[in-house]
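Each of the two complexes below includes subunit A, the first together with subunit B, the second together with subunit C.
Right, the complex of A and B next:
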């Protein structure tokens, strides 16, 4: 098994090969990870929202409220204004969901599902839907489409600007997916490469492999810390950009 | 490695359904409760802060009013004190004048009374002397001494008394 195969094996999604009535069921390692994370989030947050009686329950509720305040005051309201209040549950879920999936890769036997383009594309499609819904809700179809033409644009330039703006919005949504996917994938690839250094050098000579152990492990620990930071950062960036794009659609030029 | 960029539409649809269902369930069973409680508490805090600010404003207004009132009372007290002092001084001067006048009147009265009593005493003494002299004269006349000689003798005696 060469290095590329090892990396592919650890990063790529694995289909469990289940089917129902001749239809292939998308039960893969990543989809199972997402399901487990979703169930844990659901059970945990429902418990927190109802556990006010005990002291630990109050502490968890306070933490959850601090989190909501952070999402509302740092991400939603500055970018979407008061209109964003209705979308607060979506953004609270989005940030926590991406963060949990990013961090799930740190747990042995679990995978970082956000290193799968299909998963990040699904999240980007949901964010695109929120952006579209925001525009339609506050401006109607005509107003929403008018928003794609900046005010003061000469009439003869409208046929050129309008499709460009629509493509620009679609690209923004696609970039959301690619950014998250690339960042999470690259982090895991670097971690795997650093581990593989030990085995590759060890194949050349056992002493060299032992010598490479310490620097490789130091780099591995450093990269793991960096991965933790990237997990938080990417969840933040994805949520923030969704809020900015939705806000730009609500508050047009 | 090329599989990395190959989208799995099944996983994509499953993820979308999973995520949207999670958003709905969390909104229904967790976020609404948490956000509602948070907003309620924030409203209460904002209301308490506003109430505290209003109370503070009212207290400051009251304090200002009280200070003004205190200053007014102090001014009035000073004014009344000055008036009282002035009135007291006037009354003192009046009482002093009355007392002095009364004392003078009493002194004059006493002097006049003493003078009258002195004159009365002198008249009584004179009459007594006259009576004594008359009695003496009668004795003398009886002993053949004229009345004229008797008067001269009396005048001489009176002149000597007055000299004394």
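Right, the complex of A and C next:
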């Protein structure tokens, strides 16, 4: 039994794409997961927005409204101020999208697409775009660039500080991607490793494997609960950090 | 919810600092490695890149610390419960 191969088979992306006249159309497990989640969210949210008449419809609408209020009052307004109201749809989408993909990984036969650096990098680029746009919208190009130089910086230091500030902003966006990717990947690897303990020990002796069954399963259940928490937490952290960075660009000092 | 005079936002930013330092260092090393392979100056650009990345990482940390100190002294950051 090759443990590394089993883990990589369950964690990594699998490509069963098509080749059409020299063009490669990649259809991967992660892209299918993202597609399914996106369609479910689109259909579900459109249904919720229209279902008002029935009692269940009112319940769903209330749930959606409380979700939007939560994002507005605890993520966007405290960090971006009143200027953040225009960005509320983006943050609502971001939180729900990341959360849904994270949770989709907990369903058997589905993969956690956020354990792929390409997916998290794309999300981080979108967030970087929002940060850039919010700075340009409220300060203009010159004001936005001035915001990169801290107040009180001597003039001769400006050519040194300015590129450092730009690179550090880019690094912050990169860290957003790496944090989500690393947390989701490592969580699922731990889940698999705990499960594989049973088989590794069982290969030494069948009785030892039976003995390892109970502790491994208890740990597995604990880690699964922790993964559910991490799924929520990482979606929250990604959205909150995006709001903090966008707010720091809007309210420069 | 905040501890020790830091707000929730500060805690999140502090937790990012370690990773930001690592990314800055890796960025410097990667740039140095690339320059070495282009110019054939192995290993000097790699060493310079490592030093520059290290400096950038420390700059990020000092800047964040200074910013938090400034906000704490201004006494206007009470963002925890949602309103400034």
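Throughout what follows, the second predicted complex is superposed on the first by the 252 of 253 C-alpha atoms of A that agree within 3 Å, B and C clash if a C-alpha of one lies under 4 Å from a C-alpha of the other, contacts with A are read in each partner's own complex, and residues count from 1 in each chain.
Simple rule for what comes next: a residue touches a chain if its C-beta (ideal position, glycine included) is under 8 Å from a C-beta of that chain, and two chains touch if they have at least 3 such contacts.
Remember, predicted model here, so these are calculated numbers, not experimental data.
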Simultaneous placement of subunit C and subunit B on subunit A, clash or fit: fit
First (subunit B), second (subunit C), both or neither touched by A:221: neither
First (subunit B), second (subunit C), both or neither touched by A:90: first
Comparison of subunit B and subunit C by subunit A residues contacted: B
Contacts of A:174 with subunit B and subunit C, given as first, second, both or neither: second
Which superposed partner A:164 touches (first subunit B, second subunit C, both, neither): second
Partner chain in contact with A:45 - subunit B first, subunit C second, else both or neither: first
Subunit B versus subunit C as contact partner of A:18, first or second or both or neither: neither
Where subunit B and subunit C come nearest after superposition, their Cα distance in Å: 14
Overlap of the subunit B and subunit C footprints on subunit A, listed as residue numbers: none
Residues on subunit A engaged by subunit C in the complex (per definition of touch): 73-74, 77-79, 81, 150, 164, 167-168, 171-172, 174-175, 178-179, 237, 240-241, 244, 253
Complex contacts: residues of subunit B adjacent to subunit A: 1, 3-16, 18-23, 25-27, 29-35, 37-38
Parts of subunit A lying in touch with subunit B, wherever the complex brings them together: 4, 7-8, 11-13, 24-26, 28, 30-31, 34-35, 38, 41-42, 45-46, 48-50, 61, 64-65, 68-69, 88-90, 92-94, 97, 113, 116-119, 121-123, 125-126, 185
Contact set on subunit C toward subunit A in their complex: 9, 12-13, 16, 19-20, 23-24, 27, 56, 59-60, 63, 70, 79-80, 82-84
